[in-house]
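Chains: A, B, C and D, in written order; residue numbering restarts at 1 for each.
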Amino acid sequence: MTSECTPRFLASDNTSGICPEAMAYLLEANQVDDLAYGNDHWTERAANRFRQMFDYDCEVFFVFNGTAANSLALSAMGRSYHSVICHELAHIETDECGGPEFFSNGAKLLTSPGANGKLTPEGIEALVTRRSDIHYPKPKVVSLTQATEVGTVYTREELLAIRAIADKHDLRLHMDGARFANACASLNATPAELTWQVGVDALCFSGTKNGLAMGEAILFFNRELAEDFSYRCKQAGQLASKMRYISAPWLGLLESGAWLTNAQHANAMAQYLTQGLQALPGVSLMFPAQANSVFVELPAHAISALKAKGWTFYTFIGAGGARFVCAWNTTVELLDLLIADVKIALEQHSG
Amino acid sequence: MTSECTPRFLASDNTSGICPEAMAYLLEANQVDDLAYGNDHWTERAANRFRQMFDYDCEVFFVFNGTAANSLALSAMGRSYHSVICHELAHIETDECGGPEFFSNGAKLLTSPGANGKLTPEGIEALVTRRSDIHYPKPKVVSLTQATEVGTVYTREELLAIRAIADKHDLRLHMDGARFANACASLNATPAELTWQVGVDALCFSGTKNGLAMGEAILFFNRELAEDFSYRCKQAGQLASKMRYISAPWLGLLESGAWLTNAQHANAMAQYLTQGLQALPGVSLMFPAQANSVFVELPAHAISALKAKGWTFYTFIGAGGARFVCAWNTTVELLDLLIADVKIALEQHSG
Amino acid sequence: MTSECTPRFLASDNTSGICPEAMAYLLEANQVDDLAYGNDHWTERAANRFRQMFDYDCEVFFVFNGTAANSLALSAMGRSYHSVICHELAHIETDECGGPEFFSNGAKLLTSPGANGKLTPEGIEALVTRRSDIHYPKPKVVSLTQATEVGTVYTREELLAIRAIADKHDLRLHMDGARFANACASLNATPAELTWQVGVDALCFSGTKNGLAMGEAILFFNRELAEDFSYRCKQAGQLASKMRYISAPWLGLLESGAWLTNAQHANAMAQYLTQGLQALPGVSLMFPAQANSVFVELPAHAISALKAKGWTFYTFIGAGGARFVCAWNTTVELLDLLIADVKIALEQHSG
Amino acid sequence: MTSECTPRFLASDNTSGICPEAMAYLLEANQVDDLAYGNDHWTERAANRFRQMFDYDCEVFFVFNGTAANSLALSAMGRSYHSVICHELAHIETDECGGPEFFSNGAKLLTSPGANGKLTPEGIEALVTRRSDIHYPKPKVVSLTQATEVGTVYTREELLAIRAIADKHDLRLHMDGARFANACASLNATPAELTWQVGVDALCFSGTKNGLAMGEAILFFNRELAEDFSYRCKQAGQLASKMRYISAPWLGLLESGAWLTNAQHANAMAQYLTQGLQALPGVSLMFPAQANSVFVELPAHAISALKAKGWTFYTFIGAGGARFVCAWNTTVELLDLLIADVKIALEQHSG
């Protein structure tokens, strides 16, 4: 039975494995030796495929994980005495143990609140205009997460409005695309429409959450920011010697279209879960479920009961909140099981 | 024919792929979802296996590559105003683009010459006693590479002598084990005999060069140095979210014994190549071939001829020097082909 | 007349000059050449005088300014992946352009609210216990400012309560003593009573705000934290070659007792100003004036009128707030002039 | 008698005090309160005076000491993964405890030998062309010291040749002017002739060695490199709150012409000492004495005898070498005493 052999993991899309399309390319890349440090053919093909898919001659780099992708990109977009504007729930602020500050050698993050985990032009402007003295680190970059940390997405109109305020104050625009594919799927938009066409300077596109074992792509649409960036990656311990084991699986995702179908599946599962949970009395959605995450408020006893049954999920967003994340391989069976257990948990206590 | 379909790569053990034993575990780890950030069972098993194999309750961490492994370990062993003593040919000095300085936020490397790529007690002491003023970064760590960058190995006696001088001056001992397995094979010594039993405080053990796609293990025998080290890895972009894709292949290497048989094979191939090349007139060995690398002096015309035939190898050690590195999958056929091509290259010109 | 020739500076105690007692020692130190880098006799005498005055064999270092003093002390008290707990109005958070993050290579500041600019045990504990995962920088230091940024002082009881919570969670205690002398004067307490006797590990004692041209003293009561600290200062550009020009004026402050009388005078002037302003209708005090700063709420038109008359003061704490800071050389005449101008400004508009 | 009351300090120009011209301005600046953080009138006047004196609209910044001046300027001229080419005896390499690496967050210094402490175009080119791979930090800056660490000076022709090779390889040119005034005096050249007219991008001009208590000026002739540099200084703990105590004495040096007459005097004293020592048998000059330092080879017994008599001087340049540095206040009487003592020391042993 599914309930016996499948781990009850909905904590993150990090618990899922390598999808078949990526694995096929990984295995193929393993057939023959190839040159090191990205001089292999897989890496070149993958970079070109990104350029084709984004319809833009961007600079493409591969690094190991998201901490590094975001931190290195931000370091290239400002200096140590600059500041980065981000949402107060941004992953770079809350979950990187000071990674952006470390890689940038001291750049401060200035945080802004905002409904549904989204930065607003007003929030950005408030931080920029608050002070102009030398004791305040000069704002240089806006970093936004697409899809956001609470499972919502920025529309094209919202992105354009942020770009306008960035232009007004000479700020660069960084996109943390930990779930970029889910945003494309959610908005039914092309990668180009959500990035350079709305003025994004650099995108960190996650492969790990999309079906790879590890590996993120950094795409610079503002090519000047990529000057000597390969040296930066090398120095910072992010140049894979056998880089084909990152780039070949990426190519698998891109050529097969799995980058999008994986995201579409995960989003669909989140929708399925949302509907199932909303049908239960006593469950309320915390944020609109627009990508692959579902945030619901649950009574404390229900959370405890679910954890006792082996369900893993995060409860870090406030008291009584639970986050369930769907991945490329999440099944309806698992979600049905979860919904049933939530129902039981809610009834038991009130009974 | 082999000569047609096999790449003529002897530039580095980085050009080889994933060995079967590691791949089997990787595929198995991909069967079921598992917890992220090293909380999976593979990681725990791999760490315990290291402890068993080294016969020591050491602290074990997994990171993505060698730049990070060495730089992070060194950062934990000193502070920014300390210095690290290493050989002038040490990889951390010559090939990391300032990585150790970056991760440590400024620690200087003090370099020493030494025959066959090896530090000597005298060389270390000279650097420590040269100055004692505050303008000279205080020596705190000795870093040595085992096997060395020129394919030689430190004997146990040499290591003990270095430990003695380190004790005298209160220095910590770091071992860059990019080819540690090859050293064990060469010396027919156990991992314990070459590390904590001779006073090594921390070892960076490379899996990438030993048959993995990526991933290195950092072992702290001096456990105090590992305090909060997991935070350091996280902040520095070296915590893999799907860590089982590093730790499971490592476990494959360790449980199968491939970590050693791979190294033994590579060393044997280097011996085979050495003998084949030494039999040719006009070829002289630059260093004793004690591990899996062979350094020979070749006339410039021969180097050019070989490169023209598609052979890839490094020539960075001085003029006229060539480095050939054997890996776990290097074949006798490939080496025979190389030896034959060297012979032709030498004859053509003199003819 | 005073009002004509004296600058109307109440923006900061940074606008005042060198007090006579410090200048006398500076001039004497200039009579004869002396050894560099702190090996002169003035520096030794000043350090010993600090030890005598604090009744403790602490480690003493001199650096150029407050940014450096606080940032270097904090760097010595934690590592890059640790965090520092401070009040949300702490100078290290609001006015150092990322200095603490720069010197520590990435340590995050975790901020807490608190009435009257003061940290509370509850606020500290909330930050420590909020999370315990590796993605959250581990709290290691509590930094408090004495007197605070809003002109209040921590009582000994409050300090002891903070030390208790610090002990509970293994945190080190840093005191930003930009106006430490004013706190001693305000509380009528000895330096010992406000530092090591309440468990302060390190104090940054400002000379600049107390009557020097520049120069701060860092005192480590927890001597282990001072290991190799002189190397840290050197590397970070904070070792004065002609150090006697910092230490001799410090000695002047200490031996003459001016360190305290200067602070007593500044505090008394702040009291005088407080009473004068409070007597005016429409002026309300924002915080208790316990040291040498006075924060009052003024209508926007009054602030504009005062600035138009050449008064310099900060208005950064919220809308309608004005900060006036008194120094060792602030005169009753200047304050009378200010009070009169405030009175006029308030009347003009309402009239 | 002079010999009794004057310290026998010839170790460095750091042992001398504040010259009268600088002191006069310091005292004047102390008469009236003034704005903080460089917004005072002294700082503006001093910066303008530098522009006038260099006949160039350069950017001018004041910092506390030479470690900071050089390290911050170099940080602004490259990134962490770049490298700085300097002479193997350069102060930034030998005597800053890793300061440049710290402020730049990891930039490596690549050192070159060269007669008389001077870089050569050939030496620079050898380092640039040695490698072009990503594992070698990309050379971006050439740093030379004028006058050099061994008391010689670069001629205008030598500087132009270095600028030519810098242009060829797109390198920026940094001048460590710890003894820049002495070089101007030695070459009878204007500041402009030795800086922007020969393509220097940034100069660190030392006031401390020229008669100030502390304080160095950083002049950017390449103004683009100075973008946001004031933020960098602030973050790095190099913004003096009472900046007039650095800038006013500087203005005193500049307006009085003491910057040059001080240097001329020190150089003349070095000439006097050179002639006196060369007249003694057994003394040989190590380098041409072209500025204010004299390097001579002395027998070990003579060095010991001099130190026993209380003479302080450095002996760090090789065995048997002694460095004597003259300052703005070095007297003929003191040098006569030294020469006499050297004579005695040499005779005693051979007798």
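Everything that follows uses one rule, which is that contacts are C-beta pairs under 8 Å (C-beta built on N, C-alpha and C of every residue); 3 or more make two chains touch, one makes a residue touch a chain.
Keep in mind it's a predicted model, so treat the numbers as computed, not measured.
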item: Third chains touching both subunit D and subunit A; value: B, C
item: From subunit C, the most remote chain by mean C-alpha position; value: B
item: Subunit A-subunit C separation of Cα centroids, rounded to whole Å; value: 42
item: Between subunit D and subunit C, distance of the C-alpha-averaged centres to the nearest whole Å; value: 34
item: Residue numbers of subunit A (touch at least two other chains); value: 37, 80-81, 96-99, 102-103, 105-106, 134-135, 137, 231, 234-235, 239
item: Complex contacts: residues of subunit A adjacent to subunit D; value: 37, 79-82, 105-106, 134-135, 137-138, 228, 230-232, 234-235, 239
item: Of all residues in subunit B, those that touch subunit D in their complex; value: 80-81, 83, 94-99, 101-103, 105-108, 131, 134-137, 316
item: Residue ranges of subunit A in contact with subunit B within the complex; value: 5-7, 9, 11-12, 14-18, 23, 26, 29-37, 63-68, 71-72, 96-99, 102-103, 105, 208, 213-214, 231, 234-242, 245-246, 312, 329
